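The following pair of complexes shares a single chain, chain A, combined with chain B in the former and chain C in the latter.
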Partner chain A sequence: MNAVAENTLPHQGWLEAWRERVVHPEAPAWLTELRELGWSRFEMFGFPSQRAEHWKYTRVSALESSVFAPADLSIDIAAAQAKVQQLGLAAEDRIVLVNGVVRDELSQLPSVNGYIGSFADLLRNDPDRVRAFLGAIKRNHHIEKPDRNNLRGEPFAALNSACAIDGAAVVLDNNVALEKPLHVVHLYTSAGSMPRNLFLLGQCADAKVVEWQLSLGDDAVFANAITEIGLGENAQLKHERVQNFNNQSWFIESVCTDIHKHARYIGNEYALGSKLARVDTLVDLKAPGSETHLNGMYLPFGTQHIDCHTRIRHQAADCISRQLYKGVADKRGRGVFNGRVEVARDAQRTDSEMQNRNILLSKFAEIDAKPELEIYADDVSCAHGSTIGQLDQTAMFYLRSRGLAKEQAEAILTWAFAAEVVETTDHDVVRGYLLDALAERLPGGDKIRSLDSDLEAGE
Partner chain B sequence: MEELDRKPKTSDDDHVDELLNRDYEAGFVTDIESESLPPGLDEGVIREISKRKEEPEFMLEFRLNAYRDWLKMTEPEWAHVNYEKVDYQSISYFSAPKLNDGPKSLDEVDPELLATYEKLGISLKEQEVLAGVQGAPKVAVDAVFDSVSVATTFKETLNEAGVIFCPISEACREHPELVQKYLGTVVPTSDNFFAALNSAVFSDGSFVYIPEGVRCPMELSTYFRINAANTGQFERTIIIADKGSYVSYLEGCTAPMRDENQLHAAVVELVALDDAEIKYSTVQNWYPGDENGKGGIYNFVTKRADCRGVNSKVSWTQVETGSAITWKYPSCILTGDNSVGEFYSVAVTNKRQEADTGTKMIHVGKNTRSTVISKGISAGRSNNSYRGLIKILPNAEGARNYTQCDSLLMGDQCGAHTFPYIEGKNPTAQVEHEATTSKISEDQLFYCLQRGLSEEDAVGLIVNGFCKEVMKNLPMEFAVEAQKLLGISLEGSVG
Partner chain C sequence: MLKIENLHASVGDKAILKGINLEVKPGEVHAIMGPNGSGKSTLSYVLAGRDGYEVTDGSVTYNGEDLIEKDADERACDGIYLAFQYPVEIPGVSNSYFLRAAVNAQRKHRGEDELDAMGFLKLAREKAKLLELPDNLMHRPVNVGFSGGEKKRNEIFHMAVLEPQLCLLDETDSGLDIDALKTVANGVNSLRSPDRAMIVVTHYQRLLDYIVPDQVHVLSGGKIVKSGDKDLAKQLEAEGYGDLVAA
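Coming up: the complex of A and B.
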């Protein structure tokens, strides 16, 4: 089937607005070229239709009729300040972005050998440093093979390449370790934003980064983000992402990681909010001994639609990958998990596992799971498992027999189900945030809050 | 049988060499006069097929509707296979061995044809039984040669039980009400590209009707043989199990070795009413092409069962060793409450074969259950994919599915892939999916070798063990043949 014929281009006014926004007469020629490539690719692809295999369960055609012009950048700083306070990040090292642009007055940047700060500044001051990487990582994943029936995040990535003006940049020289975790806080007030992040870790560098993607206020937002990550030999990055947009907002993201020899990428994804969220986590294990662990949790409640795609490509021998994704869908929520492990011919002795577990809490909720394996090497050990079910009825009965109300028992078991993923976080502030978010959504949620603090007090 | 017996005499190198060099056994061509329509497809060809089959009016209408649907459709490209597209205007859509007025009894069947089936190990003589095993149950066979059914055995015995087992062209003439009632109700004409093509041009196939409360007295079997060059085979099989009945049906297929690719696009429709059970087994051994991927059958098949009645059950068992390209997803629509669907599959690919096969289980009714066990073995330069859909609809209270797909890789040039689709819309349903991919364990191999087995035999033993869960679901005669086939298909892929 020809998927492209049915893909659609957005409202013309939208594109025009973005084009005007990104015109920079003094930009280097190569950057303009990259942007033009983005434009032409996006115009070629359009928004993917559900006929494209990787968009089978996620419909973005409603985007074409809405106009998400570039967001206004002159916003009320106080509200953003308050949000940072409320998250408990006032004392933490952080890069704060509002509508995709770094706000120095809200940020607290650690000084390191390398660069931490605004992507736009880095591009302006040291373009050659960025040039080698910009788009290179993503190109591996996206642009090289524009196979129309196999479109993943390509159309949105191309749009981002055309439109991005800023994002968070973390560049660590060889042997640099960040002492404290770095929080990257993305806040969005309204309209459209296309942040672009770049995390480059040199040899033996080590960092913990927590990314927050949050709405500021109740307006609808369209955020189309790309994060490019490159890990040098023996480097290690623990990357946690918390997404909690309001229920009017669209969130599309591609996280593309290249991992070199003996380096390790740990990616935790917590998808809570948005009207529709689609995240593609793409990891290339490019050299022997590299390793990745992906953990994810998605909670489509209400009428939310949350789609988590992962793709791990084992391109060299002796690499390890692990995935654990858990989903809970309630009300009319719909969760999609599509995990894919690809093992190239030379990637002998690959060790790969993927686990996906889902729970449906309501009669109208839906989960679609597609755990895939594509294997061309023979000396491998690959396994995956996927389940969809409900909360354990015997456990429910036990809790009920102890005098808990149905909602409370449900809340406790749901939290217990999610805990396997939540407990992999290194940060109390993340854990606390997730606990609160879940407690807020579940009718018996207060119980898990009190139970949790009881437990803590007990310790 | 010799392959099974060869375990004790392992060090016989000549024997191994002989086996290694042997190729597709069923690849001979029968020199028989046949009548074919010239290549090409248009409404005239369809009218001609319908006329030759002396079909009632509704059949022609059905075909023409399907043809018009087909013209609007495009060939599916989502499967994980690569092949040269078929030129649908260069195939002859009808080929039949020349017969005078059709045989009245088996004695009148062309001896050349009988010899062909004899050579394939399928006896059409009623007093004989398959595989020469004494005391084995009798099997009624419908033999389909190119586009027509040439013989059906044991008709009288079946008649006594009220079972209808005949070529579908005969059913169209003699039981039009049954055909009209069920044809196209499970696989509609516009279902997919190949099903539409089949609906337009299908020439023959088997029709089975088991009346209420009858347990079919013997296994039913259809043996498909493509012989003529430049033809496609488009057979259509319909099996209806009325309330409380049971039938076990077997299907086998072979084709000569030819350099060009031949198309086999079949449609199978099963209907199980209340408390009925259908067991459908396939041993598919179409010509797979040579080492370089030249020739071989394109096996593009739509098989679907509708478990309409409460407590009904359909079980698919398949052993797929042949075909250059396989595109096949035997499915169950579990409409009736408490209905059960099962799918057991072994798919072996070697040389340059490509298989994209699996199942669909659609849970509609309450407390419906399904089990999927799929074993894929890839060797040589082949690609073997499992593609399956488990769909739980909102009303399928208490539905239950268990899926297990295991892949075995033999050699570093082949690929094994798993593409499961799981869609859950009911919170009381439980769906489980598990998949593993690995190669033959060195430890197991070592153990067998130090016990004195040759490597070839050791691998045979391990592979048979890997497939055991599926094989045990085959009727006995078929299990013997299937095990033999597994051995042959994998020869030369070790070491």
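Coming up: the complex of A and C.
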């Protein structure tokens, strides 16, 4: 392994700035060890090359020559405040982070049995609680047993482990149900940020969390986030994620979820923005009766590159997984969907479905779709399908037979295609935000959106 | 209003309609019956202008104009309406939005002003009452999560709002229980008028107890093999298609 570690890192310049930052002056020894492990793993991996199977379609080498030193934390609070207002979240329970650090003055934290707030504070005040779960990421990301050919987000996860200083933490004790949805609003102004989120739900706990990953302003940023989620027995989390960075920015994220007996994780991912975004959604169904539903929408427009990777591991019997991911690409946009389902030998009676549908609006747009199944159990029901292509011709005829011209029918069906995933949200504020984004981007979308609002208002 | 002469049509390489002759005058209701695979739905699709349904011979004139060359949306704007056997689900687009877009596309084609939201909703509510349509159906995504009966009622609701001249009802009765069938039939009957014609395609005579046709035609092997008045439907119900199909 030493030979690998000798790789010189051309990006060492800006990474050095991260290394020099004093992360936590009184950190416990185990945390310091974890950080050092992160550094050594990252130095071993380097930024992934396209030779790695899971990075075949996504090129991150430009990150090496970019400069993303730690972002300045003394930021313009008023601008962040205005953004929260504009999103319609001023009255909502929320954790607001700017450049990866929780800002109490912008947040509105509900009081619960458990903990909601800054990850850094939790780490300082209750390190043992955090410790067990920081271990989870090690397992999820093979930090102990790295396999260079099968790299996913490990290099970035390792970098985050080395550098993260804060993030959002939500810890709910047994039987605690959040009454209102909790919004976790990540705003980024410039340079680099590496937030680390931790959501732990005790037995029978229940929560709805909406995460926003957004640029504040026009500067390029590099956000490298990790969210670790642990769901105790019979717990339920509906986790919606809206990503809308500006077109200069890089966003890399791993969302790692462990689901225990009879617990349920619903993960909705809406990827709208960035120059390049890569998200790995990794779900482990660890005990009988656990369940996950993943819905995704990615809209690479212009010259955006949006890569959604999912991996669901059925590790116990009688678990259920469902995936619906839809992509619309236009201009020179490039989308990637790689969905993988692994069924372990003991995971009998697994019930799994994965659907991926894509539409290209321009002949220069590209979407690479790769559903994968790996099954070792013999009594399973696993379905998967993936399409890239045209609008449904029966639906086209249906619309045109009512008098709509071809272009208008196409616009409506494209809208409907994307809106199917939007409709999976539980929150009007998310729905409105996403429909506004569709209105802005899809051909004829502004008209569809405004007429629809008219009719709602007419009621 | 509609004159079909020696109509031949194919889907792909397969010839389905093999010489249909039919004339429909304003105010008339014609029933087209026949066994599965006789070409009933194909005839509806050909008249409504579905892509991939190619006319290989013969002619169709509608209000004195050649229909074959027109696209589906042009035909709709000229007053032809097809109620689908399997209405299509369109997630994310509300029924009211879709219908208003259709109404305004047709009004624009006729050189009329477009309806604003209030004007449209007033019209739509009036017609929804006719079909005993639950209010929320208008605001739900088109056909998504609708029951079988709701989908068919919604088709007739669209028809009522669009006020076509020639209505094609493709197996509108299939999959309906008797109460839903009566509601749909009442809706259709309320739209009968001296200047509107209807072609009702059905497999079962039952629908024709409620929508009483002026003429009944039996389609088999891509041709009309027998025509008669409403009693023909009763006869078919009693005796089956056996003899006709064999011929």
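Annotations
The rule is simple: the second predicted complex is superposed on the first by the 412 of 459 C-alpha atoms of A that agree within 3 Å, B and C clash if a C-alpha of one lies under 4 Å from a C-alpha of the other, contacts with A are read in each partner's own complex, and residues count from 1 in each chain.
The criterion applied here is as follows: contacts are C-beta pairs under 8 Å (C-beta built on N, C-alpha and C of every residue); 3 or more make two chains touch, one makes a residue touch a chain.
Quick caveat, the model's predicted, so the values are computed rather than measured.
When the shared chain is aligned, chain B comes close enough to touch A:361, but chain C does not. Contacts of A:372 after superposition on the shared chain: chain B is touched, whereas chain C is not. Once chain A of one complex is fitted onto chain A of the other, the partner contacts of A:397 are limited to chain C, with no touch recorded for chain B.
By the touch criterion stated above, A:82 is placed in contact with neither chain B nor chain C.
Using the contact criterion defined above for the overlaid structures, shared-chain residue A:419 touches chain C, although it does not reach chain B. In the superposition on chain A, A:345 makes contact with chain B only, not with chain C. Looking at the shared chain after the overlay, A:90 reaches neither chain B nor chain C. Judged by the touch definition given at the top, the superposed model places A:408 against chain C, while chain B stays out of reach.
Chain A uses no single residue to touch chain B in one structure and chain C in the other. Taken together, the chain B residues at the contact with chain A in this complex read 74, 76-78, 392, 394, 407, 409-439. Residues 392-406, 408-409, 412-413, 415-420, 422-423, 448, 451-452, 454-459 of chain A are the ones touching chain C in the complex. Chain contact summary for the complex, chain A toward chain B: residues 1-2, 53, 149, 345, 348, 358-390. Of all residues in chain C, those touching chain A in their complex are 45, 48-52, 71-73, 75-77, 81-82, 84, 87-88, 90-94, 96-102, 105-106, 109, 116-118, 120-121, 139, 141, 158, 162.
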